[in-house]
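Got a structure for you, questions after.
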Amino acid sequence: MPPSRRPPRRRPPRVPHDVADLSLASAGEARVDWADAQMPVLAQVRARFAREQPFAGVRIAASLHVTAETGNLVRTLQAGGGEVWIAAANPLSTQDEVAAALVVGDGAAVFARRRADRATVMAHQRAVAFAEPPGGPRPRRPGSGPTSVVTMDDGGDLLALWHGIRRAGEADDAGGDVTDDPPAHGLIGGTEETTAGALRLRAMADRGELTVPVLAVHEAETHRVVENRHGTGQSALDGILRATNVLLAGRTVVVLGYGSCGRGVAARARGMGAAVTICEIDPIRALEAKLEGYDVAPALEAAAAGDVFVTVTGNRDVLTAEHFRAMRDGAILANAGHFDVEISLADLASVADGPATEVRPLVERYVVDGRRLHLLAGGRVVNLAAAEGYPASVMDLSFTNQALAVEALVVDRERFAPGVHRVPQEMDAEMARLKLASLGIGIDMLSDRQAAYGRAWT
Amino acid sequence: MPPSRRPPRRRPPRVPHDVADLSLASAGEARVDWADAQMPVLAQVRARFAREQPFAGVRIAASLHVTAETGNLVRTLQAGGGEVWIAAANPLSTQDEVAAALVVGDGAAVFARRRADRATVMAHQRAVAFAEPPGGPRPRRPGSGPTSVVTMDDGGDLLALWHGIRRAGEADDAGGDVTDDPPAHGLIGGTEETTAGALRLRAMADRGELTVPVLAVHEAETHRVVENRHGTGQSALDGILRATNVLLAGRTVVVLGYGSCGRGVAARARGMGAAVTICEIDPIRALEAKLEGYDVAPALEAAAAGDVFVTVTGNRDVLTAEHFRAMRDGAILANAGHFDVEISLADLASVADGPATEVRPLVERYVVDGRRLHLLAGGRVVNLAAAEGYPASVMDLSFTNQALAVEALVVDRERFAPGVHRVPQEMDAEMARLKLASLGIGIDMLSDRQAAYGRAWT
Amino acid sequence: MPPSRRPPRRRPPRVPHDVADLSLASAGEARVDWADAQMPVLAQVRARFAREQPFAGVRIAASLHVTAETGNLVRTLQAGGGEVWIAAANPLSTQDEVAAALVVGDGAAVFARRRADRATVMAHQRAVAFAEPPGGPRPRRPGSGPTSVVTMDDGGDLLALWHGIRRAGEADDAGGDVTDDPPAHGLIGGTEETTAGALRLRAMADRGELTVPVLAVHEAETHRVVENRHGTGQSALDGILRATNVLLAGRTVVVLGYGSCGRGVAARARGMGAAVTICEIDPIRALEAKLEGYDVAPALEAAAAGDVFVTVTGNRDVLTAEHFRAMRDGAILANAGHFDVEISLADLASVADGPATEVRPLVERYVVDGRRLHLLAGGRVVNLAAAEGYPASVMDLSFTNQALAVEALVVDRERFAPGVHRVPQEMDAEMARLKLASLGIGIDMLSDRQAAYGRAWT
Amino acid sequence: MPPSRRPPRRRPPRVPHDVADLSLASAGEARVDWADAQMPVLAQVRARFAREQPFAGVRIAASLHVTAETGNLVRTLQAGGGEVWIAAANPLSTQDEVAAALVVGDGAAVFARRRADRATVMAHQRAVAFAEPPGGPRPRRPGSGPTSVVTMDDGGDLLALWHGIRRAGEADDAGGDVTDDPPAHGLIGGTEETTAGALRLRAMADRGELTVPVLAVHEAETHRVVENRHGTGQSALDGILRATNVLLAGRTVVVLGYGSCGRGVAARARGMGAAVTICEIDPIRALEAKLEGYDVAPALEAAAAGDVFVTVTGNRDVLTAEHFRAMRDGAILANAGHFDVEISLADLASVADGPATEVRPLVERYVVDGRRLHLLAGGRVVNLAAAEGYPASVMDLSFTNQALAVEALVVDRERFAPGVHRVPQEMDAEMARLKLASLGIGIDMLSDRQAAYGRAWT
């Protein structure tokens, strides 16, 4: 192979890894770089980490979606002096070119292959948890390398491994390299990204099994504001437009659920010229919606008047047989909730005349009493299934949150007792402040006199 | 007195009272009736009370603003079988014609005269607290009349009287009819409408002095949504337009403070065609504002760009000398916060060339470095000073809250221990439900299956 | 008279005038000055006029509303070297203190008294038209003073006088001083502010009677945008809030008429949190409304669903008996159209049970089938009757338009043939440009290359 | 070929045609049917045509984009009794499966193949213009078939053929079958869809060459409202989101051009939470934007502040070197105007460091002074290049317009003189009325009394 085929500055990667195809690296770098342009908050943190080196001597073991946005998180942790090992939390979301770029360009220990089977995924996670590449030699001599570890989880898998919880039912997959011995490096704590993972870890804590502190990053207020309202709001509509190319102006969009996600969907649907009807079981939220000028109605009444339906309640059976029977010809049904239980697929099949037909990609037509109902993405979350999920600038905050949480665990380690914690309020505020700064916005601070005035009231 | 002076159907009122002029009663009835047309929620409660008679045998002693809206609250409590005694919490807000109407038409024991002096106000409150008209005979024989009492406070005065706290510094005003003896009727509890009153009562509770439960009605979530965001939002702009008649379209309105009140002001200013800039010291709120499309800036930067400034922070010195010096010719300064400390009047006087001149009613011009700054209503809350405060439909919820709180104290009296409580969540929800019903709106309820699904997550 | 009663710098005015009370002058100056702070566009024109002196040797005879805003127009014309004579177009709108200020402070020849009788009004107009104060000596010797005249009309009265059209039916009022002789000064042309005046003058032109050019300033595009949409939009809602203090959030506001005024009302009602329903007979406008997210319905259907009704069609009988019978309890009826014919008062009286009762100032209650309907301001234009009409910044453009139109007639007098003309397009654009400049905004211009590209297509 | 491969109900089509693959017909029918669900206005017209048969004895020769929406137009014309021949106006937009479906299922004479070469396209148009399939036998015996013809053009090609204008410069392509003889069937008139086509036909009319009336359907007011504002507004943002997945909330979107398209883009960008800055050279439009609350700035000033730029002026060189040099890192550049001249690609290449790199499909990065600028879709119209162009419900009106225009030409043929006409106003209104009806909305009509009142003013 002629040397010109390989950039001269790149040596063969010596870092442990298992990725699909290293030759995809330059395509991966372009994607990571595009995402970087949308992630200015993390870039600010990265610059500070580069100066302060908070992660010197720390290994960071991450089980996350291996995407371009995550690539920038990896670079940020490395900039802070950390040694990063990363496995895919979900093999379906892995971007192989990004995995390659992180190995080749950044020297991260990446274990991720798109569509890997379950055994591989678990082997990858074990490799990352304990810095033990499957089948290969130990990456370093005893005594060298980081002696502290922080985990980053998307579902609690790494911490479960560390706490030896993996063995129940997983022995067959895991093979012979599972041991009961605690690893040599000291675990400081971990971060957790998901509601489900936090539930799992809180259950461990309740049983007295969790030995380290965990910061539940998704519970930050900043996260709620940015991800739910704006991330979900935009991407749900984006998914609906990509799937259908329907004109929203003049149509009636029914939003079922007026939590922070539903508010984001409703505000944007109105902003596109739609009349918006809100269905909500909480009367206070329903009143809020009404006072903001939305129509508010029970779902059955809305069913007869709507053109586009978006479920975003977090509950099940929001649209059922009675609603489908009431709908008008041409109605469009989309779900923006996490699980595909909000639109009852069983009911839809049972009231339809015959099986569904695909009329466009991701659009299935059911005929109910002679009227055509169009289900998007099989009732799965339309933001991801028909669009691309959260924009990079939303992930910017999520991953800044992650990076700051890891820092807090390392630098302030005495502060956190074992257990699952919300991120500290000042960290939440700091994230918002960094985000504002990235938009060129500064804000004022309380004067001493004002602070004293406020205290006089409390 | 010729019979033609008095409507034939009305006998001279035998109820104890002290009001300015009973002949104003019919004008007062028209006002109460107009307010009633805006208070459908309270009307629903009144209809139920009329059926259920929850206040049979209960005397309700109220110290509130005596206005047309309060008149409908009085009627509601009476409809439920209560005997109502009411004094003015603040003599400046008393509508004398309403006071007259409540005596003549409704038989309430009203003690309220507009602009009464302090001694009269206190005598009125004592009269109402203990059903003892000043100087007059006891209204009824021993053994007759209600034996239970509930207080309704706007500042904690009645409960202070009941707890004998009035004597410190008030002895001179109170004269000789103050006694240490507990009154014969049993005090069940009270409601409190204000933040300041709740602070005062909580301090009493902390000292172990509060012997009954108090429901802090202003802390209801419904209240926050309706009063702060919509009541304050609309009436602040209304006050600014009445004072100035300035066109908002195309102007820059700077809203200082992005709490629930500030959000209401900002949304309406935008809805009137203004560009809106938000100043906020809380970075998370500032970020929320930015993501909703507002400009966000430090106050000094906004000072140089704004046309109309609205302070609504709850803090002091929000606009000071440095801001005034930066402002453009023609700037308008309004405060929508409770106290007149948000715009520093001392600073404004100190930087101005000469004294202020009134250029329109409620508009004073200060000239600062040759530029004309216009202060509205002397920096007092513009909603009240230049407009009429909350619309009746806002008070509709506030007083429904009051009525339901009194009912809860009477009917559920075992439920509440002595101390200051938020209103129960189900009462909060019920209010929202009634308000929706008054707008012709029903909402769905969780199915059992959905409730079970939700529980599975928590 | 002690010197302290009169400011030392002021001599007794020697200019011809007839106003109510010269001692009101300083109060008037404050009002004119307040308006000036809202009229930056006119101020720019005034500054240019002061340099260029376009009106040297020109007398400007105006019949306009004598208000603070008009005061600034007078000052602008004077700054340009003009000699200004002004009469009240309508004695009800005259602000006596402004009339005094213009005489005392500015030396204008003002003939205006609030609530003057008809004969006085006509005498004032004649005085102004021909510079002949009633009953008094001629103001100057023959040969001195301006020799050219421009009229400014609000209804066409001055031009009618100049064309001798006044005599039919007005002889009795006019008395003996009417002559057929053409005045000595030369009439260059005039401006006209109203639709009705333009109709009258066009009829004169059609009969071949109009001997000079007239610029119909209200037909400027800028005027339409600013006055109709924003001036009417804001002041209509302002009038409704002042009259009722009703909370708009959560209510249904029905806007009847979706022309430029109706769009302004609808946008603001939505911006205040109302649900908005549009009634419109033009299907294209109705479709526009629907595509902007409004509900659209026939008036009878809307009647049953609305809380607040605003007519703004320019036509009659928009709300009639059938609509009143369909309305809900508590409905509010307001008219924002020019004439009080949009809400049929005859129908309202005929379907009501008994006469109306005033429940608040400017709010009359009619009871129809047991439901309370509230008519605002007797069906007269609510913007003026319950609020203050257009904001000064709206009049800023209207009067800039007037000032530039007078200038065009004087400077470009060869350009305009006798007849009624729209203002030239470049004057319209210039006004918009000045308004933008007053807001600190510059805009780009077409490059030569772009201009050529555009031409290639036409 | 086994019979099971072909649906038994379908015989081999005997209609003249030239399409890519008849076996795609059923996929095409699904697409046409999906579009039909979004085209209820055309469906109403189709139902009426089926009853009234306006096109009996008429051949309709169409040169249009052969898409699913056009399929519904073809069906509508056929329902009215017309014989439809259709060629592709542009071979790139042809949906081969729709072409097949129209032949197999509907018996239309379709001549359209995706990516056909120029000679084929011209042969197809000749075939359709004169009902002469290329190379094949004449489709019918003399004397049979329609004797009247109406053309439908998208660029004026068919009418140019009918007027013999094709020969200049096209002789080589056209081959030997071009004749000077006028065809046997009588041409009644035609419709034209594009601005460019209307210009071409008006030039023909000016030269006295146009022998029939042409209705320029794109000049309908309804068209302007629906297509420009709402069709372009939504699809431009849709294209930007599909290309970039950028979060609009909190970003500054700069819209260059505030015509009806720009207004649609701006309103939606604001509705997505963006701050919007307008650049416009017309001061009246700029003022309108400012009064609607938008920031307004010259393009160079906006260049330094924007995150996303959308050109929609219809002119060239709107963004040039000076703007690119002023932009911030990460800026996104999109064009929503018809031609790719609004963003100067030459300037962009000249100021960039090195060639562009593709960072996502349809996103090219240029580095200018170290800052990353992202050009979408190579500066081509982003609505079409990155999204799907107008929604079907927009085409619904466009094609209803076409169908009604053909009807007017046939039924009212005496009404229209040779030349290019706007569609009659009542047809415009009728379309809006049908669109409203399809949304379930009726509107009122003027009463006689109201009509008389209106006439009194004009």
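List of remarks:
First chain written, first letter: the chains are A, B, C and D, and each begins at residue 1.
Here, a residue touches a chain if its C-beta (ideal position, glycine included) is under 8 Å from a C-beta of that chain, and two chains touch if they have at least 3 such contacts.
None of the values given here were measured: they were computed from a predicted structure.
Using the contact threshold fixed earlier, the set of chains in contact with both chain B and chain C is A, D.
Distances between chain centres, each the mean of the C-alpha atoms, put A farthest from chain C.
With each centre defined as the average position of its C-alpha atoms, the distance from chain C to chain D rounds to 44 Å.
Centre-to-centre separation of chain A and chain C, using mean CA positions: 59 Å. Taking each chain's centre as the average of its CA atoms, chain A and chain D sit 40 Å apart.
The set of chain A residues touching two or more other chains comprises 230, 249-250, 270, 273, 287, 290-291, 439. Contacts from chain D toward chain A in the complex involve residues 30-31, 33-34, 37-38, 40, 230-231, 233-235, 238, 241-242, 245-250, 267-268, 270-273, 329-330, 357-360, 363, 365, 372, 374, 387-388, 390-394, 439. Across the complex, chain A meets chain C through its residues 249-250, 270, 273-276, 287, 290-295.
Note for the complex: chain B touches chain A at residues 195, 199, 221-222, 225-226, 229-230, 279-284, 286-288, 290-291, 296-300, 314-317, 341, 428-430, 432-433, 435-436, 439, 441-447, 449-450, 453-454, 457.
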